[in-house]
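In the two complexes that follow, subunit A is the common piece, with subunit B as its partner first and subunit C second.
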Partner chain A sequence: MTAIGTFLRWAAIALLATFALFPIYWMLVIAMTPTGFSRSLDGIWPTVFTTENFTRIFAERPMTRWILNSVIVAGLTSALSLLVGTSCGYALSRIRFRGAGALMLLLLVTQMMPATSIIVPLYILFARVGLLDTMQGMVIGHVSLVLPLAIWMSKGFFDRIPSDLDGAARIDGCTRLSAWWYVALPLAAPGLAAIFIYGFVTSWHDFLFAHTLVHTPSRWTAANGIVSFRGEYFTLHEMQMAAALVFAAPVIVIFVLMQRWIVEGALTGSVR
Partner chain B sequence: MPGVTFERVGKRFGGSLVLDDVSIEIPEGHLVVFAGPSGCGKSTLLRMLAGLDEPTSGLIRIGDKVVNGVPPRDRDIAMVFQTYALYPHMTVAENIGFPLRMMGIPSHRREGQVAQVAAMLGLTPYLARYPRQLSGGQRQRVAMGRAIVRAPAVFLFDEPLSNLDAALRAQIRVEIARLHREIGATMIYVTHDQVEAMTLADKIVVLDGGRVVQEGAPMEIYSSPATAFVAGFIGAPAMNMITTQVHRGQITLARLRMKVSIPDGLVTVGIRPEHISITTEASSGGIVGRIEWVEALGAESILYVKTESCPNPMRVRVSTSLPASTEVWLLPMREHLHFFGRDGRRQGEAGALVHE
Partner chain C sequence: MITPRSRRWVAPGRIGRGWIWFADGPGFPLLMLFPSLIVLGLVIGLPILRAIEMSFDTLNLRRPANNGETGLHNYLRLLADQRAWNALGLSALFMAGSVAGSVGLALAAALLTRRVTRGQALVRLTFLIPWTVPAVVTALVWGVMYDGNFGVVNRMLDSAGLGPGANWLIDRRTALWALLAAQVWNEFPMSFVFLLAGLMAIPTELYESARIDRAGPWSQFRFVTLPQLRPVLAITVVLSMIMGFKAFPIIFVLTGGGPNRATETLTVLTFTTAFRDLDFAYAATLGVLALVVSALMVTGYLRLVARLDDGREVT
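Right after this comes the complex of A and B.
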């Protein structure tokens, strides 16, 4: 490659990186500006640094509680979606029954509907059965968002595992259930990690359900908590940005931890 | 060690009939080969015996016990799959030991049994490896080991050699024969390869279109095939088939005319390539032709001879080859002629020559 080509390529990469990373940089700048002074920032380089916003969000607001709530809700949502999604996906992949295709299509259709269109009926339903303003209600709401795709994804992963392996396992002494547990599930592990991350991130980032279905501050998730820095007359931008950065961290940690599971080639050598 | 019985077994997949009224008896300790072209239903038969598919009608027995509806794990069988179906996330030792683990045998007792089987199959150096680190032949052996380790009543083999190269295939064929001799279990072996069928079987069951066409000892099937299909399927190169007419109890093949005990009408005459003698000297009773192509196999050659009486070239097996485009005379050995009627079934025998 010529020097100009190399230059252009790096220039393009730098431009894209700027677009992607500048907002995060700006979050960081605001979060480290003394409370109330972000409006008087001039230029893109900060001159005064402080970490007081980070300590204040934990001291003055129940940020720990909110993060913990988010972890509980997102963890339960992805665990439940994984459990139900993989068993449904396995059944749809392995057992032939009438209407399986229609069922798959129906699941997909539910994904086509925007969450905003089901939130009102869901609110009324939850109000009737007493799930409003509870964390289990929020988990159920989030599972309903995640599950259809979780089933589709896991069916796809199981479809890629040769059915001869299940046959062999059943001949070697497994029931259908233990064949799933000992053979299909370990082989689908990379896919399961992907589903877990998808479920976790979807639930973690959800604001609509969190904001609509729960109103007691001690049950808020962090997504809802961050909004509380915005008041009727003024907004605590600096603390809000600090909270947003803290909010983003766990997702990055989870992703880095589970990334190594998402490896190709787990199936090599099973057949032929 | 029980035998296996299929009693009027039928199988439908959706609307299509895959197996139709199949009854087969497999005596205990025998190695029986289900042979036939792909789609003849032989693998389905095996999968139903394994419990992976259920028959639509009929009964399957292992020993005296009807196994319809019994889950695979309770049938006391082991199966070697065409794809081997090794568990990719387990080592060779874990793969072989898996059936024992499922029986609830503790790991320290499993190890001994696994080691013994591995030694028997020459897999000892590979016990810690994963299937992806093995060659095709080694994977095949692991699959056999997983079957052997649990000492099942019945072994099932579903085209176990079809993914191996020719040399390895011959070698493992011998190993399977040895295994059968040593453990004496009932074995059912599915293949579309007639060489495997001929060399391994105590009994061959030939299937076509979901029905049993013939069953018997390999040489019995070879020397008196029940139908034109069986005649063409068993034996390589395939039997020569010539369609001709029976007229007043006589047939005419070129200038060869002989009496037959077959009613008048169309008949297919079959003759194996090794049952034709060939000469370069004009012979009054012979079928004249010209060598079109020669396949030299070393110890023997296959000549493809173009004749007037037959649209396809005749295959002739000879020990001393002749050059292509030689003019030759073919003399079928009368006692080795096979006759098949219009329905493909075997008929009558050749009688005396009418005149030379």
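Right after this comes the complex of A and C.
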């Protein structure tokens, strides 16, 4: 019984693991198949390897530019949200004030509504003030995605720092402001780093804003760039997969390296 | 040497006292909240207000004749709009499908791995990896796999003797299910994390006493695991629903709402109405509808979280 049970359990785990990993494996296989040959692949094992697709996406398309744009937009978005959001998170964690509950509720709703609801008015507003087709506009758009997350998560991290510590600082003569700045903030530093990474990844992964707010290819972020490999009638699967891999790999690697940390951060934001 | 100027800095003058009012007094919450409230107001509050305003307006770049007309016409149109109802129905179906798929799969994965001791971290990492793949990339990869002529899905079905496969994304009957598979692949790790955390929190004594009562694996699941897990499970279901409702890149990139609107959910319809039909006012109305639906779901979610917290305080 137990032997069969163990076997069945591992068989089921293997099946699920195959489901989870196969698309990533297949992305790798296609990305390393010579351009134009994925259609004649036989079976699911690769037979030839080439790095041609990777060199071609950088040589024939502005892939470097797109990645750089993504880094700039994601970095600015996340830094701005962190800068603005942590003080609000601290206030929500430590101070009872009227409207705190309403604010939390609003933050949650904005985080959970489809971004398509906000993109239409944002587009019209940006058209009026000349922010369409600019990187500044992209950053502003992404802040609307990341800031609620940053506030919500930083509240979670401040909640876990005992308030006695800021209290002690205030007895020693700190103002409430410096108690936050010199005591609570440094203690929350690992959490703030996690928020930065989360915000960065959210912005890096965003497709809707990237696809809507910017038209000029040299200002695209990579999320929109990699979709452009799709033609109306014909798609070069190999180059597309290579580009998709280049785009997705950094986040996958970061995640694998810092798994525990990030999962904990995600839980802080919601269940806990 | 003390100049009058520097003396003003040392003495607690009006400016200094004002600063203290912010740094250590009743103004402190204001100081802390101010930056966020300004930015939130600009990047979220303003667009939402504008969307509501637009929903009573007319702004169609294709047919600009009536632009500027105000009234309830967008909402009246919404009530009679087959396309919008179709989209709402498809969103509901997509939500149901992604909940059933991701929560079911995540529950299976969590139950299977919770008592695994050897290679535990590796197994969990494996299940978490699809989470890290961006939705756009998910769409592109599944698109390549679904390719009707050369896709690996059809080729595997073929070699397994299960027939010639299908043109997954072009066939009306399969398109939505094909999208759901991609969505489930991308989203089930989130549910897995929550459910695994929920399972780990169940006290082992409960299982010990169940075993003393000679409860088999099924009864243990039915009478210990399920009731204990229910709060977390409910939260996971609602979160997964919200994710399904929000889904956009996977559907938009893979089918764009086609074939013949068979996958046109509310998010895709909103986008298409605005940026293909250029009817911004009606798109804003659809956006407001989506906002109302998400607000309702968030309310449900908060109720569940509150109940979970109550439960924790009791135990």
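Convention: the second predicted complex is superposed on the first by the 246 of 272 C-alpha atoms of A that agree within 3 Å, B and C clash if a C-alpha of one lies under 4 Å from a C-alpha of the other, contacts with A are read in each partner's own complex, and residues count from 1 in each chain.
Please note the rule applied: a contact is a pair of C-beta atoms (placed from the backbone, for glycine too) under 8 Å apart; a residue touches a chain by one contact, two chains touch by 3 or more.
Worth saying up front: this structure is predicted, and the values here are computed from it rather than measured.
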Task = In the overlay, answer first, second, both or neither for which of subunit B and subunit C A:S178 touches.
result = both
Ask   = Taking the superposition as given, does A:A91 touch the first partner, subunit B, the second, subunit C, both, or neither?
value = second
Ask   = Of subunit B and subunit C, which one touches more residues of subunit A?
value = C
Ask   = Should A:A102 be classified as contacting the first partner (subunit B), the second (subunit C), both, or neither?
value = neither
Inquiry  = Once chain A of both complexes is superposed, is A:V129 in touch with subunit B (first), subunit C (second), both, or neither?
reply    = neither
Inquiry  = Looking at A:D164 after the superposition, I want to know if it touches subunit B, subunit C, both of them or none. Which is it: first, second, both, neither?
reply    = first
Task = Go through the superposed model and pick first if A:P186 touches only subunit B, second if only subunit C, both, or neither.
result = first
Ask   = Common interface residues of subunit A with subunit B and subunit C?
value = 175, 178, 266-267, 270-271
Remark   = So, in the complex, the side of subunit A touching subunit B is made of residues 162, 164-165, 167-175, 178, 182-183, 186-187, 265-272
Message = Help me check something: in the complex, which residues belonging to subunit A touch subunit C?
response = 9, 12-13, 16-17, 19-21, 23-24, 26-27, 30, 38-41, 43-44, 80, 83-85, 87-88, 90-91, 95, 97, 105, 107-110, 112-125, 140-141, 143-144, 147-148, 151, 175-178, 180, 204-205, 207-208, 212, 223, 226-227, 230, 237, 240-241, 244, 247-248, 251-252, 255-256, 259, 263, 266-267, 270-271
Ask   = Which part of subunit C faces subunit A closely enough to touch in the complex?
value = 20, 22-24, 28-29, 31-33, 35-37, 39-40, 42-44, 46-48, 50-51, 54, 59, 105, 108-109, 112-113, 116, 121, 123, 125-138, 140-145, 147, 149-150, 152, 155-156, 159, 185, 189-190, 193-194, 197, 232, 235, 239, 242, 245-246, 248-249, 252-253, 266-268, 270-271, 274-275, 280, 283-284, 287-288, 290-291, 294-295, 297-298, 301-302, 305, 308
Query = Of all residues in subunit B, which touch subunit A in the complex?
reply = 47, 50-52, 71-73, 75, 77-79, 81-89, 98-99, 102-103, 130-134, 136, 139, 146, 150, 163
